[in-house]
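Next come two complexes, and both contain chain A; in the first it sits with chain B, in the second with chain C.
Now for the complex of A and B:
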């Protein structure tokens, strides 16, 4: 899902960068207001953990690569979609600058896909489902599944707009592949949140710890 | 990716003219080269521009006193993944050409087009040279220098602080990953080769993440390799192998 350099024309990359910068500014505001000495290590650990989860890349036929995203995990644990944007921005910067996984000119598009779309879809799906189902595992699973699937479809659309990827083939290849990967992401996210809430419930900001979320 | 972390940092700690240049200069050169290459339209003009930039890269790499094999090894870790995607371009029509000439017709109505082959090659040239400059930057700049340079160039303090901590945890994770794999290998189980590698690896990372989150400086992180490799994951995989 990490779009590399050269796959998007420079002017489109610039537009994605401008949009991403708006959200990065909002994520920075979140960090300034919310990130204290207790949360900073958690943010760093989550960023390193998501980096590790994303390390396992698998090629998608006629498309880009497939891997876990982690946007929902960050957003749910830290209780804000802007936390996901902040963390995914860190992860994507390190991946692009150190490892060449994802481009520099396409970093804006990658932040929009995985941080913005992944974070917002994951967080609000979780909130909505928690109100309806009152079940943490079910809500987290579907939130993580959608937060993996929707960014992949956005990636396919961006590649189509760039002219490097046919739309239908892209949507089908990326959609099917990430719908399957999303199941793994769902289980991993449920397990991670369950283990973290069991070990340190005070670190989790969303209401997964309340009786309704238990 | 995370397995290469130690090698990249080892390369960055070597000494050469390029290694001694200020991180900000290297960041600026790498980014400028990438932006310039991406800004070139999808046309055969990229061949000329590409040769010039690649020669520039080769001169810089020669000055690093790092082996060319190091570059090839790192490029090989990145290029095949995207090489597959670039390869598939030869079967696809795109908006950059109006007319297509069929080079080969394959069964099931699949064709290879001359223009698509050209487009795939243009993408490959752009992609490989962009990656080369990233490899040059990361192989010659220590991570803390890069972070310091980025902070001086205007990276917000919140990002710099969190990135600094994240990088430290990456090394902790990398170390644990290596330990777990070594321990699993002693039980004749290679987590990277196994068919269920994503599942196994993900399970390892969930355990790492949860235990690290229980306290960044807690003793829990110290027992992770032992728990996950010798205790939980290791036992499961050992038993499952024994049942085959």
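Now for the complex of A and C:
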């Protein structure tokens, strides 16, 4: 759901950029103050992995394909939505500037959708479900699924405001496609968390292995 | 348990493998946003296949335009899949370096600020 330059007027893109910059500033503050220095290797490896996985489009039927976004993965495994904003912002900048995947004026909107909304939805859905179900894979799967679906609906609203999509048609199509793409997001996120936990359990946020409050 | 160096090397190798396999195996179908654009433009049915000749119409008035050096994760049609592999490898390693560099820089700057207090 990388929005290209052609889909949003410059002035609206500027508004999304301003909002995004506020969250980027908060994410940089998180990285400076909260990010444990021992987690630096995981943060950087996650960026490389999320970049690579985002290039892997899988067919999801209906003439459409989709790939992992990674907001939920970063937020859950590092224990903060700001981790997702930090990593996704930098990955999205590399994609837009070097590969034309997502626009420059629309980069703010893409950071808001995939980094901010994806990160917050993924993290808090995971925390809430973990309290209720006490099951890491179930909580992660649904958190990642929602962290794909909700940003796509936000994207549809932005497309409506930009005059690019009609509201209902855009919401329905974006919702249907990303409800299926979200299944990829769910499975890949669960698999990645198992893999990273097996390799380095000490780097994974404690909420992943022990339900909050337990 | 893996040490940091092994973890980083293993992580980058896994990422590079995923990226290289993607060059050969990734689906060329439009993504969710592109498909939606084709649907609202009447070029594709909501649940149907994407027609071969479907192309997103872009209204560029009042919009910004930018030409990326490696558009669509390729070095152009002439370079084909090897070009795609080069693009993905550059992108994956750059994502790693940029994130590590900025994270490390922020931590270093934070420490200097603490010492000066």
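Keep in mind that, in the parts below, the second predicted complex is superposed on the first by the 196 of 214 C-alpha atoms of A that agree within 3 Å, B and C clash if a C-alpha of one lies under 4 Å from a C-alpha of the other, contacts with A are read in each partner's own complex, and residues count from 1 in each chain.
Rule of thumb we're sticking to: contacts are C-beta pairs under 8 Å (C-beta built on N, C-alpha and C of every residue); 3 or more make two chains touch, one makes a residue touch a chain.
These figures come from a predicted structure and were not determined experimentally.
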| item | value |
| --- | --- |
| Combined model on chain A: chain C and chain B, fit or clash | clash |
| Partner chain in contact with A:45 - chain B first, chain C second, else both or neither | both |
| Partner chain in contact with A:1 - chain B first, chain C second, else both or neither | second |
| Touched partner set for A:21, first chain B, second chain C, both or neither | neither |
| First, second, both or neither for A:191, with chain B first and chain C second | first |
| Which superposed partner A:167 touches (first chain B, second chain C, both, neither) | neither |
| Colliding stretch - chain B into chain C, listed as 38-46, 182-190 or 236-244 | 38-46 |
| Common interface residues of chain A - those touching chain B in one complex and chain C in the other | 4-7, 9-10, 13, 28, 31-32, 35, 40-49, 51-53, 55-59, 62-65, 86, 90-91, 93-101, 103-105, 164-166, 169, 199-200, 203 |
| List of chain A residues in touch with chain B within their complex | 4-7, 9-10, 13, 28, 31-32, 35, 40-49, 51-53, 55-59, 61-65, 68, 86, 89-91, 93-101, 103-105, 163-166, 169, 184, 188, 191-192, 195-196, 198-200, 203 |
| Footprint of chain A on chain B - complex, ascending | 1-2, 4-5, 8, 31, 34-35, 37-39, 42, 74, 78, 81-82, 84-85, 88-89, 91-96, 123, 126-127, 130-131, 134-135, 137-138, 143, 146, 156, 158-159, 161-163, 165-170, 172-173, 177, 197-199, 201-203, 205-216, 220 |
| Interfacial residue positions of chain C with respect to chain A in the complex | 1-2, 4, 7-8, 10-12, 14-16, 18-19, 21-23, 25-33, 35-37, 39-40, 44, 46-50, 58-60, 62-73, 87-88, 90-100, 102-104, 106-107, 109-110 |
| Partner chain C, residues of chain A touching it in the complex | 1-11, 13, 28, 31-33, 35, 37, 40-53, 55-59, 62-67, 86-87, 90-91, 93-101, 103-105, 152, 155-156, 159, 164-166, 169-170, 172-174, 176-178, 181, 199-203 |
